[in-house]
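Here come two complexes built around chain A, the first alongside chain B, the second alongside chain C.
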Partner chain A sequence: MNSVLDVKTLEVGYGNGPVVKDLSLNLSRGAIGCLLGPSGCGKTTVLRTIAGFERASGGKISLHGKSVDHNGTYIPAEKRRTGMVFQDYALFPHLTVRENVSFGMRNLPARTRTERVRTLLDKVGLGKLGDSYPHELSGGQQQRVALARALAPQPEILLLDEPFSNLDVTLRESLVHEVRSIIKGTGATALLVTHNQSEAFAMADEIGVMSAGRLLQWGPARDLYHRPACREVAEFIGKGTFLECEALDDSRVRTSLGVIEGAPVHPIKRGERGMVLIRPEDIVHDDHSPFKTVVTDRIYRGPNILYFLRLDSGEEVLSLVPSHHDHPEGGKLGIRVELEELVVFVKNRSQETGVRRQEEAAKTAVA
Partner chain B sequence: MEIFNDLLHSERFRRSLSWAALVLIIVGLIIGTVHTTNKVDYIWRWEQIPRYIFFQETIEVTVEEDATVTAVERDGADTYIIALNFLDEEQYYTVPSHMVSVKTGDELQRGQVLAEGRRWKPGLLLTGLILTLEISVLSIILGVVIGLITGLARLSSSPAPKWLAIGYIELIRGTPLLVQIYIFYFFVGQVFRLSNFMAGVLALSFFAGAYVAEIIRAGIQSIHKGQMEAARSLGMNYPQAMRYIILPQAFKRILPPLAGQFISLIKDSSLVGVIALVELTRAGREIGTSTFNYFEVFFTVAALYLILTFSLSMLVQFLERRFAASD
Partner chain C sequence: MNLPLRLRRPDGWTVTALAAAALVAVPIAAILSESVKPSGEVLGHLASTMMVRLVLNTLALAGGVAVLTTIIGVSLAWLTAVCEFPGRRVLSWLLLLPMAMPAYVLAFTFLGLMDFSGPIYRLLQAAGLPAPADPRSVWGMILVMSLCLYPYVYLMARSAFLSMGIRSMEAARSLGLSPVKAFFSVALPMARPWIAGGVMLVVMEVLADFGAVSIFNYDTFTTAIYKAWFGFFSLSAAAKLSGILSVFALTALLTEQRVRSKMRFTAMGRDQRDSDRFVLSGAWKVTAVVYAIFILAAAFLLPVGQLLVWCVSSFASEFDKGYLADLRNTLLLGALGAALVCSAALVLSYAARLHKRGPVRHLVRISTLGYALPGTVLAVGVVIPSAGFDNILASIAGFLGLPLAPAIQGTVPVMLAAYMVRFLAVGFNPVDSAMHRVTRSIDETARTLGSRGLGLLRRIYVPLLRGGIMTAGILVLVDVMKEMPITLMTRPFGVDTLAVKIFELTSEGEWHRAALPAVTLVLTGLIPVALLTRFSEMSLSRRKADE
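Coming up: the complex of A and B.
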């Protein structure tokens, strides 16, 4: 039994509007998972339910093989051995950094506790600030105290609620990296909640995309980006546009940019019509291509430029190119499509298929 | 004209003007008071006031009948001398302890002087002040205990403590303190055989407790709920989290309104005079009725109350500054 967190068909909230519906996920020892979704999608509720601050109205949560919230059995938050890092850190303002960190280890002998506090503070790079009060620290330092405090009692699982959202962008990037290596260094299992894709990609081994209380897809970042289970995931993760298409066989579709070939992510049958996902990096500039487009807009981003290109059909695609390929707005550009995974969402088949397949995958993973 | 305008709008000029106005108003008030008292033909006799704070007692104890001392019992500043006359009747004499010159078995003769001299005794205003202080301190301590329990009960999610707390708070806040004091004296006091001192202290404690409860509730609610959750996720149960995380933070925030409540309580203690407790205000009234020095007496009473309340304010400010270290 290597699974630390196991959530099965979780439902939170009563009445006509459950906040979280039919959500299943599984984290094995040492893994960092992430729930990614727009604000209000229920991701924080999932985290709070796992921590024990909210109660599940259906389904089951197990921590380390022990059921903590299922059919009326409810283990209170303080007995779940979860470590939580809050969005606003929730450091105790009346205690020093050292007291904050040692707070969760009150049952340990004093010497072990002092030793562990020192090790942890060194690990998060705050060895000299043990006697400071939280308000004397910068945001990034406070964040690290919160992390040390949550890790101190050696929790079964570390839960992080939007831990970087209160930091400025430059600090965020370096800290995301640092926090990941601290967590990996302690071997802790962690579940993170964020609305920020790059944070999720940089921190997590496995990511779940949530929307309107449902988990749309659970898997490594690469799968979410290149093998999205449904249109919503495809639209939420990364940039990209859809082109109308008609299947020629099980690995080729015809579009207004010609025939596109690739390894199909979802099965297609000859003659089926649908939408094919085109990522900006799938568009290659080719002056000899028969397909000419017009630059309708461009965003200069330093190392590269994102072009908005209009096809003859009126459809639009995006193209990401190194910034020395400079084309003015209104200019003509020849392009062709080069992709590996062929992501086609067939019309009339509901998007639910993706979700259902994803859930089946989750179930087999658990079994 | 330009210069005049500039002067009028300069910050320094405006401030000086304001200071001048302040001095003028205070001088005016003093002159007005003196003038008014002259009009009502009041004769100020301030020299009579000190004796109500401290006075010199003349002591002269003489033996009334020949007797033999059978016991000398010391009780603080006073000592009781018990003697038997030839008919074996007991006689009692009270003598200041430092003046005792006889011991058990001594023969006393009629007309013998047991003690003679003078000693300082606290006057009515001072004993009143001390009683006010005793009542206030006890009521503040009890009031905080009641308020803390009620405040926590008020926040409970289970209906019994919550509604009991709400009922108690509304009952106390909705009735006059004077009526509550009468009820505690005549009803509760009779039922539980309380002294009028205990009845007064309890009435004030339950009165203050209701207000303290609301202050504490507001203080606890003002602490971000993340603090409670953080403590819970670190393995503390609800009472522990309250004790170590929420209450220390809440206490710091409620110190100013709590101080206000305590100051009110000191002033409200003047009402327990109605149940025969000679606290400061009642002492003032008694002196007034016998000497007609109402003006001086009540000015003094007011000043004594101010000393109490001002010291309390100072203490609270000191505490606030000390707690501010972790802000």
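Coming up: the complex of A and C.
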């Protein structure tokens, strides 16, 4: 087993009911994981519990196979060897950049320490700013100092709490990419918390979607987008709409846009009614199509245009079309559906969490 | 939310906070319990002859000073914050210098300047003009106090104007208002909570003042308390007067706290730049410069010049062993008071940090209320319980046949306790704001990096709090050095300070001889003013670095 972080059926919270319920996840060496969810969903609490600032009320947390919070065992934050990057960076204002970075390496010999600080500062591109004080740096530079400081003692795992939320949008995009390559370059294992999808997609190998203290689905970005485990995930990740449908067999459904065929993500049986997920890129512009729609709204986005289209049934779909296909509001647009994965949520099936449903699906498949 | 771990650990901080709060509560409770006792003969006499006059005098003075400081403070704040004229930069901090002047120093210097033998009288006579009216009037008193206290209003109004003055004016003018209209309908109402906050601080100072009013022989509650105690030897009458005065003071305090809660800076687009200022020209420019210099001259330059002249002429006879002994006492008391206040502030601030909710918060609030209580009231408040304690001790001693002697009344510890109650808020604020710089995430980062216990304290807390504790220490040191009524009324027999010396000399009209101790106090008073300007400049440059 190469598991660095293992969280099993974690529960955190007292009194007014748990903030985090029945949460399990696993990160192997060198992987970057991400907890994604709206504010207040409990994702930061998970991070703080792993760091040791909160105590689990149930379940188990192990770092490198060693249990750090389980029943009676509790290892305090300062002995867990986790590196943490806070939303506000929390740089020590009275220390220089160099002193900040070497703060956590007191037990190393001086020469190793100096050497390591130098390498890290070069790696984050701040080699010349070692003697500056935090208030003299820009937001992006402060962020990289915080990252170098957290990486310096070679922690078991790097924890990042909304690390990009204090930066402006343009800086954020380039920095997300840069931070990912720095972390990958050191081979560190990391867990990130964010409410921003594009950040999660750009940073993480595996992403968990959280809502109301529960983990709805854990997997790579592609799975979350194309194989959402439940409606909540489908709605939270990316854009898309749902169409009423009735299953014809295990891979075809009939909708107001005709029969749609694809590899089923969730099992369907002939005659079952439900909702099928249509992503904007699943709708292809086709003047010869028998299905004509009305453009109710449009957002021009440079390379493409996002159209809001009304079907004869009154249902609405979105379509992402290259921007040379210019149709005015109120105009007609012929479309057809072209998709690979068929995501259908059958009506009246119990609304359990996605993870469990996936497990069920796996069992059915085995049977 | 899940509480952080350390909040659930039992600790001794609550006990310490409770002790500090009790220290503030005891004098107040003593005064209150004494006030509700049936009134004795002295108070009956006082009530019939003086009470109405005391109330009217106090209200007239407080009202007059409030109006005049508002006019001076707001106008100067507007000129230096929003307009541009030659010398604005220098004047904007020179105008803070009157803060270094204790009111009683300005009061006796003012009387000296206006005396028959004084320079102004002679100047008027030489010009063939009529002699000035008697300066010992309510108008003279209002003028002196206002010149001394306007910086409170000036500072508060200035920070309000600086943060939102120009932007709000531009918005108003883009909606078609003339500059004058925009000032009165937008900028002034916006800054109202700040101005009101400054004025309430002024009112508290006026209610607490003892030195200046006694130099002017202007009867207010503070002088009446002193006379009741040291003239009629009635601690009970002094306590009853103190009870009434504390009601006034606490009303001012509550008003101040209510307006303080309304102070919310609204970000008005980008920061103000110097180039955005209204450039004054022609007559306006000259008027602005002359006006600012006139206030500065009247409140600081002229009186300091007069003091220096007196000081030089009396230096040879005044700079003696007596002066040095007074100076040593003053410094010693100041240092002891500062050390005590800083330790208490540190403990309270840390207690408040550990307890985000619950009783400790309230205890901290109560402990810092003492700054609203006038020194005369506090002096009475600490003497009543310590005299009571001594009486109990004496009766025990008498029962046992031991020699009688007061054990704590009139000792330095009681004095220091009174200082602490009075100045705890002065020391608490800088320490507490430094404590807030150690954010929870800084604390937690240090712990993920392996620091804890004493190491955490040494590597993070001590360096980050050092500046705040130093500031607190200096502010309290200087405040204790200038303090007059508590020192005068609770000092051990024979212990004189510079302020006590000034009181004694000025009550005999010996302005010249009071000049040396006064200059000493003004010089020490300059230190906190320098700190204040340095910090406001630092916060400005830090904000620039953030951009």
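We adopt the following convention: the second predicted complex is superposed on the first by the 354 of 367 C-alpha atoms of A that agree within 3 Å, B and C clash if a C-alpha of one lies under 4 Å from a C-alpha of the other, contacts with A are read in each partner's own complex, and residues count from 1 in each chain.
Simple rule for what comes next: contacts are C-beta pairs under 8 Å (C-beta built on N, C-alpha and C of every residue); 3 or more make two chains touch, one makes a residue touch a chain.
Keep in mind that this is a model prediction, so the values were computed, not measured.
When the two complexes are overlaid on chain A, chain B and chain C occupy overlapping space and clash. Partner contacting the larger number of chain A residues, of chain B and chain C: C.
When the two structures are aligned on the shared chain, A:Thr45 is found in touch with chain C, with no touch to chain B. Contacts of A:Pro93 after superposition on the shared chain: both chain B and chain C are touched.
When the shared chain is aligned, chain C comes close enough to touch A:Arg55, but chain B does not.
In the superposed pair of complexes, A:Gly13 makes contact with chain C only, with no contact to chain B.
Judged by the touch definition given at the top, the superposed model places A:Gly37 against neither chain B nor chain C. When the shared chain is aligned, no partner comes close enough to touch A:Pro163: not chain B, not chain C. When the two complexes are overlaid on their common chain A, residue A:Pro280 makes contact with neither chain B nor chain C.
Note on the superposed arrangement: chain C collides with the chain B stretch 24-32, while the other options among 24-32, 60-68, 78-86 or 114-122 stay free of clashes. Once both structures are placed on chain A, chain A residues 51-53, 76-84, 86, 88, 90-94, 103-104, 106-107, 135, 149-150, 153 are touched by chain B and, in the other complex, by chain C. Interface residues of chain C facing chain A in the complex, by the touch rule stated above, are 1-2, 4-5, 437, 439, 441-442, 444-452, 459-460, 463-464, 542, 545-546.
By the touch criterion stated above, chain A contacts chain C in their complex at residues 12-14, 19, 45, 51-55, 76-84, 86-94, 103-104, 106-107, 135-136, 149-150, 153, 155. Put simply, chain B touches chain A in their complex at residues 224, 226-227, 229-237, 244-245, 248-249, 252, 325-327. Residue ranges of chain A in contact with chain B, taken from their complex: 51-53, 76-84, 86, 88, 90-95, 103-104, 106-107, 133, 135, 149-150, 153, 159.
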